[in-house]
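Heads up, there are several structures right after this.
Across the two complexes that follow, chain A remains constant while its partner is chain B and subsequently chain C.
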Partner chain A sequence: MSLITAENISVSLGRTPILKDINFSVETGETLAIVGETGCGKSLLCKTLLNILPQSLSVNGNIWFNIADKKRINILSSGEQILKTIRGKEIGMVFQDAFASLNPVIKCGKQISDVLAVKSKTDHRTKKSRIFSLLEIVGLADVTRIYNLYPHQLSGGMQQRMALAIALAGNPRLLIADEPSSSLDSIAQKQYLDLLNRLKHAINLTLILVTHDLDEAFAFADKMLVLYAGYTAEYGNTVDIRTAPAHPYTKALLDIYQAFRENRQPTPLPGEIPSLGNPPAGCRFHPRCYRVQPACAEQAPPKKDLSGRHYTWCFNPIE
Partner chain B sequence: MVSYVIKRIAESIPTIIIGITLTFLVIHLSPGDPGSRFMDPSQPSEYREILQNRFGLNDALHIQYIKWLKQVLFHFDFGNSFYNGKPASGMVFSALRPTMLLAICSLIFALIVGIFLGIIAAVYRDALPDRILTAKMMFFFSTPSFWLGIMLLGIFSIKLGWFPASHLTSLYHDQLNWSGRFADYVHHLILPVITLGLPLSATFYRYIRTGMIEALESEYILASRARGLSVSKLLFHYSLKNSLIPLISVLGITIPALLSGALVVEVIFSLPGLGRTMVSAVFSRDYPIILAASTLAFVTVIVGNLLADVIYSMVDPRIRIKTQGVL
Partner chain C sequence: MQFNSPPLLEVKDLCISYRKGGISSSIKGPVCAVKGVSFSVKPGETYAIVGESGSGKTSIAMSVIGFLRPLTGTIFFMNKNIWELDRSGLRRLRSNIQPVFQNSGASLNPRMSAGKIISEAFHAIVDEHEKEKALIDLLRSVGLDREILRRFPHELSGGQKQRLNIARALALKPRLIILDEPLSSQDLSTRAQLIHLLSSFKKAYLLSYILISHNLSLVRLISDRIAIMKQGVFIEEGATEQIINNPSNNYTKVLIEASNIKNVKTG
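Right after this comes the complex of A and B.
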C-alpha cells in the first residue's frame, strides 16, 4: 500500500481554482519530485498535504496516509486531534524559506525540543542528547553552542539544516522538502541534497522533493509530477519522463535543461506564466504551446495513460 | 548591558537639568507670586516684602536659579515648602508612594486586560468577538479619564454605593489586620485603577491584537503547525512572545501618560498622591514643591523609559546583539 496517496486534490479561492485535480501516490522509501516554475502551486500543494492551508481556501479531494497496521486516514477530513499525531510525527516538512519558518525569538535547541516534547515525555537528559544527535545528523558541528543560539545567528546553510533537524525531530516517515536548496549557493545546495539523500537511505525516509530544478529531480527522484499553473502536465516514472516527455511543457523544460547542460543559450518559452488567480480557459498551457489545437482552448485536456506508469494531460501529446 | 545602562543614565542627566530649568522659568515667569498668596489682604504690604525676602524671591531671577540649582545638584535639597515649612523632597517622596501604587496597579490591570482581550480578538479576527471588542476598546481609547472617572464615581459609589468615593484607606484602616488592610486598599483602589487603566488597556489591546494577527499569519507559525505543536503552545508561546515585543517599546511612552493620568485620577478620587500634591502646590504657588515634584516626575519618566529599553533588549534577542555590537 502506498504511504501517501493524493486523489483529485483541488484548492480554490472563492470560485477561482488554484490547484485542480492533482493525483499522485508515493510508496514507502520512494522519492517523488514535484517540478514546476515558481508560482505553479507547488508550495500550496505541500501545505495541502498537511492540511495547514488558511481557511479562506477551500480544499477538495482526499489525501490518504498510511498509518501503522495497514490502516489509512484521510488527512483532509481528519480533525485537529488526529492531525496533531500526523504533523511533525508522521510527516515532517521543511519550508522553502528556512529562516522565515524558524521562530525568531526562541532558541534553536528549544524549537527542536518542543517538537520532541509533543512526541513523548522523555526526561531532560535523554531529550538533550537526542537534540544533539539530531543536530549532528543534519551536519551541524559545535552542537552545544548551536543549541543556545537564536535562528538569526546562524548562516543561511545552517538555518536550512536547523529546519531539517526540526522536521526530523518527530521521526517522520515522510519528509516534504519544499525547494530546500533554493536559497543556498550552488556548493551548499549540492551538500544539502547529498545530505537528504544520505538520510533517506540511512533512516528509510520517504521523500517528496519540491523543486524547479530538473537536475535535482533527475538525480534523486523515482517519480515526477510536473505542474503547470496548478494543473498536472505530466506524472510518472522519472526515467520515462526524462527519455520520452509527452507533454509539450515538460518537453520545453527539458530543452532548456539540455541547453544549460551543453552551455548553449536556451530558447525561452514564448509568453508568460499565467497568474493562478486568472488562468486561461481550457488547457492552461495553450497560449504558449507549439502543438496547440482548437480543442485546447475550450476544455481541460483529459488524462492519457502512456505506459501504465506514465501519464499526461494533453490533447496532442508527443508520441 | 551594564555599560549601556550607565551610558543612558549619564545621557539623561542633561535632559533632566534642561527639564527642571524650563519648569523653573515657567513658574517664576508666570503671573502671581507666593507672597500675596499667603497674605491676608488686610495686612500691610510690608509683610509681603518680608515674605518674599524669606522665600528668597526678591533676588534677580538668574541668581535665584543658580542658588537653587547648586542646592539641588550638590545637596539634593529642594528647599522647604512655603506653605508648611517641611522639606519639599520629603513631602514629594511620601506623596510618590500612593501614586506609584496607583500607577503600578493600573499598569498591571491594563496589561492583563489588554493582552487577554487582544489575544481573543486576534484569534477571532474579523468575527463577532473581534468586532465587539475592537469597537469597545476604541471607545475606551478615546475616553478622557476625567470623564470616565466621574462616570464611575457617579454610578458605582454615589448611586450604588459599592465603592468608596475618595481616599486610599478607610478611617478605621489602622485597626484592621493585614488581610483586612489589603482588602481595604483593593476596595479603595478599584475605581481609580479602572479609570486610569482602562484607556491604557485599549492601547495595549491594539498592539497585542495587531502583533498576534501578524504572528499568527507568519510563516513560522505555519511551520510550527506543520510540526504538530498544540494550539496553546502556538498561541501563548510561539505567537505571544513575538507580539509582546512592540508592546514593551510602547511601555516606555505610556509611563508619562500614566503619570499625567494619575494626576487627574488622584484629583477626582482625592487620593493623597504626587498629582494632588502638585496641583495644590500650583494653586498655592508653592515653588519648592512644584519643582521637587516635577524633577521627580522627570526622573520617573526617564527611568521608566530606560527600564522599557532594557526589558525590550532582553526579550528580543535580535536587539541584544545589536547593542552588544555597538558597545
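Right after this comes the complex of A and C.
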C-alpha cells in the first residue's frame, strides 16, 4: 500500500483554479520529485499535503496517508487533533528559505528541544543527547558549539541542515523538502544533496522533493511529477520521463537541460509562463507549444497512459 | 572581443575591508573581504568571477560600481581612477557601468510601474513621443511587450523582472554591465532566455560583462575568462576552457564537480 496517495487535488482561489486534478502516489522508501517552474504550484501542493493552506483557498480531493496498523486517513478531511499527530511526527517538512523557517531569537539547541518536547516526553539528558545525535546526523560538526548558536550565526548551508534536523526530530516517515538547496551555492548544494541521499538510505526515508533543477530530480527520484501552471503535464517513472518525454513541455525542459550539460546555447521556449489568475483556455501550455492542435485551445487535455507507469496530459504527445 | 585594445576596466591590488558587525557579531576587528585582487576586462569581453558564498565576489562588484570604497588599490575605468572622481564624474561613470543584481524583485521599486522604472533612465530625452519610442524599442529588444509598461513589479514573473532589470541597465547604453548572479534564482527556461539575450547584446553593442556566479556550468557558456575566488583572493585565473578542462587548484576541481550534480551518487 502506498504511504501517501493524492487523488484529484484541486486548489482554487474563488473561481480561479490554481491547482487542478493532481494525482500521484508514493510508496515507502520511494522518492517523488515534483518538478516545475516558479508559480506552477509546487509549494502550494506541498502545503496541501500537510493541510496548512490559508483559509482563503478552497481544496477538493483526497490525500490518503497510511498510518500504523494498515489504517489510512484522509489528511484533507481530518480534524486538527489528528493532524497534530501527523505533522512533524509522520510527515516532516523542510522549507526553501531555511533562515525564515528558524526562530531568530532562539538558540539552535533549544529549537530542536522544543520540537522534541512536543513530539515525545523524555528527560533532559536523553533529550540533549538526542539533539546532539540529530545535529551529527545532518552533518554539523562541533555540535556543542552549534547547540548554543543563534540561526544568524550559521552559514546558509548550516541553516538548511538545522532546518533538516528539526524536520527529522519527530522521526517522520515522509519528508517533504521544498527546494531545500536552491538558495545555496553549488558546493553547499552538493554537500546537502549528498547528505539527503545518505539519510534516505540510512533511515529508509520516503521523500517528496520539490525542485526546478532536473539534475536533482534525476539523481534522487524514482518518480517525477511535472507541473505546468497548476496542471500535471507528465507523471511517471523517472527513467521513462528522462529517456522518452511525452509532453512537449517536458521535452523542452530536457532539451534546455541537455544544452547546458553539453555547453551549448539552449534554445529558449517562446512566450511566458501564464499568470495563474488569467490562464489560457484549454491546455495551459498551448500558446508556447510547437505541437499545438486546434483542440488544445478549446478543452483541457486528456490523460494518456503510455506504459502503465508513465502518463501524460496532452492531445498530441510525443511518441 | 577586441584582443589588442587597451582594457576597459583595470583593477589593481584591490583590498576591501568591513568594520566588525553589530552587537551580536562574534567577529572582532575589521573583516578583510577582498585581499590584493587584480584583473582587467577588455571591450567586448565577459569576465567571470566564480566562488562560494562569502568569498568576496559581490564586494568587488560594489567597489567597481562605486558603491563601496576600497581600503587600498586602484580601479581604472576608461583610463580614469573611479575613486578619484567627484560626484558629477561618478554620476557620468555610472551611466557607463550598470549593475544587474540577483534578486530581480528587490532591485525594482514596488511602487513604480515598469514604464516609470524604465523611463527614469531616459530622463535626458525631453520629447515625450521620442521617449516612448525609445522605451518600446528597448522593451522589444529584451523580449517584453509594451503591455507590460502598466504593470507593477509584483505583477511580473521572475524572468520578466530580470529582463526589466537588463532593459534598465541597457537604457543608458553602458560599456560594462556587472551581472551579480543574474541567473541563479531563475528557472531553467528563463535561464535559457536570459543567456540568449545576454549573448546577443554582447555582440550587438560590444558590451563587456563582469559575471558573478557560483555555478561554473552556467558561466562556461558566456564567459571568455574566469577567475576563481576563495576567501577574498583569486586562486586561479585564465581562459574559460583552460580553467574548466585543466584546473590547477583543488578548490577549482571541487567547484567544477559541485556544478555538476550528476556526480551525486545514488543507490
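As a working rule, the second predicted complex is superposed on the first by the 319 of 319 C-alpha atoms of A that agree within 3 Å, B and C clash if a C-alpha of one lies under 4 Å from a C-alpha of the other, contacts with A are read in each partner's own complex, and residues count from 1 in each chain.
Methods note: a contact is a pair of C-beta atoms (placed from the backbone, for glycine too) under 8 Å apart; a residue touches a chain by one contact, two chains touch by 3 or more.
Given the structure is predicted, the values throughout are model-derived calculations rather than measurements.
After overlaying the two complexes on the shared chain, residue contacts for A:233 are found with neither chain B nor chain C. When both complexes are overlaid on chain A, the residue A:104 reaches chain B alone and has no touch with chain C. In the superposed pair of complexes, A:115 makes contact with chain B only, with no contact to chain C.
In the superposed model, A:283 lies in contact with neither chain B nor chain C.
Contacts of A:93 after superposition on the shared chain: chain B is touched, whereas chain C is not. When both complexes are overlaid on chain A, the residue A:135 reaches neither chain B nor chain C. Residue contacts after overlaying the shared chain place A:205 against neither chain B nor chain C. When the two structures are aligned on the shared chain, A:50 is found in touch with chain B, with no touch to chain C. In the superposed model, A:153 makes contact with both chain B and chain C. With both complexes superposed, C is the one of chain B and chain C in contact with more chain A residues.
In the superposition on chain A, chain A positions 150, 152-153 are in contact with chain B in one complex as well as with chain C in the other. Across the complex, chain A is touched by residues 24, 26, 52-54, 155, 157-160, 185, 187-193, 195-196, 199, 214-218, 220-221, 254-255, 257-266 of chain C. In the complex of the two chains, the chain B residues touching chain A come out as 218-220, 222-231, 233, 237-238, 241-242, 245, 315-318, 321.
For chain A in complex with chain C, the touching residues are 37-39, 150, 152-153, 155-156, 182, 184-190, 193-194, 197, 212-216, 218-220, 252-253, 256-257, 259-261, 263-269, 272-273, 275.
Here chain A touches chain B in the complex through residues 47, 50, 52, 80, 83-89, 92-93, 95, 97, 100-106, 114-115, 118, 150, 152-153, 163, 166-167, 169-170, going by the rule given at the top.
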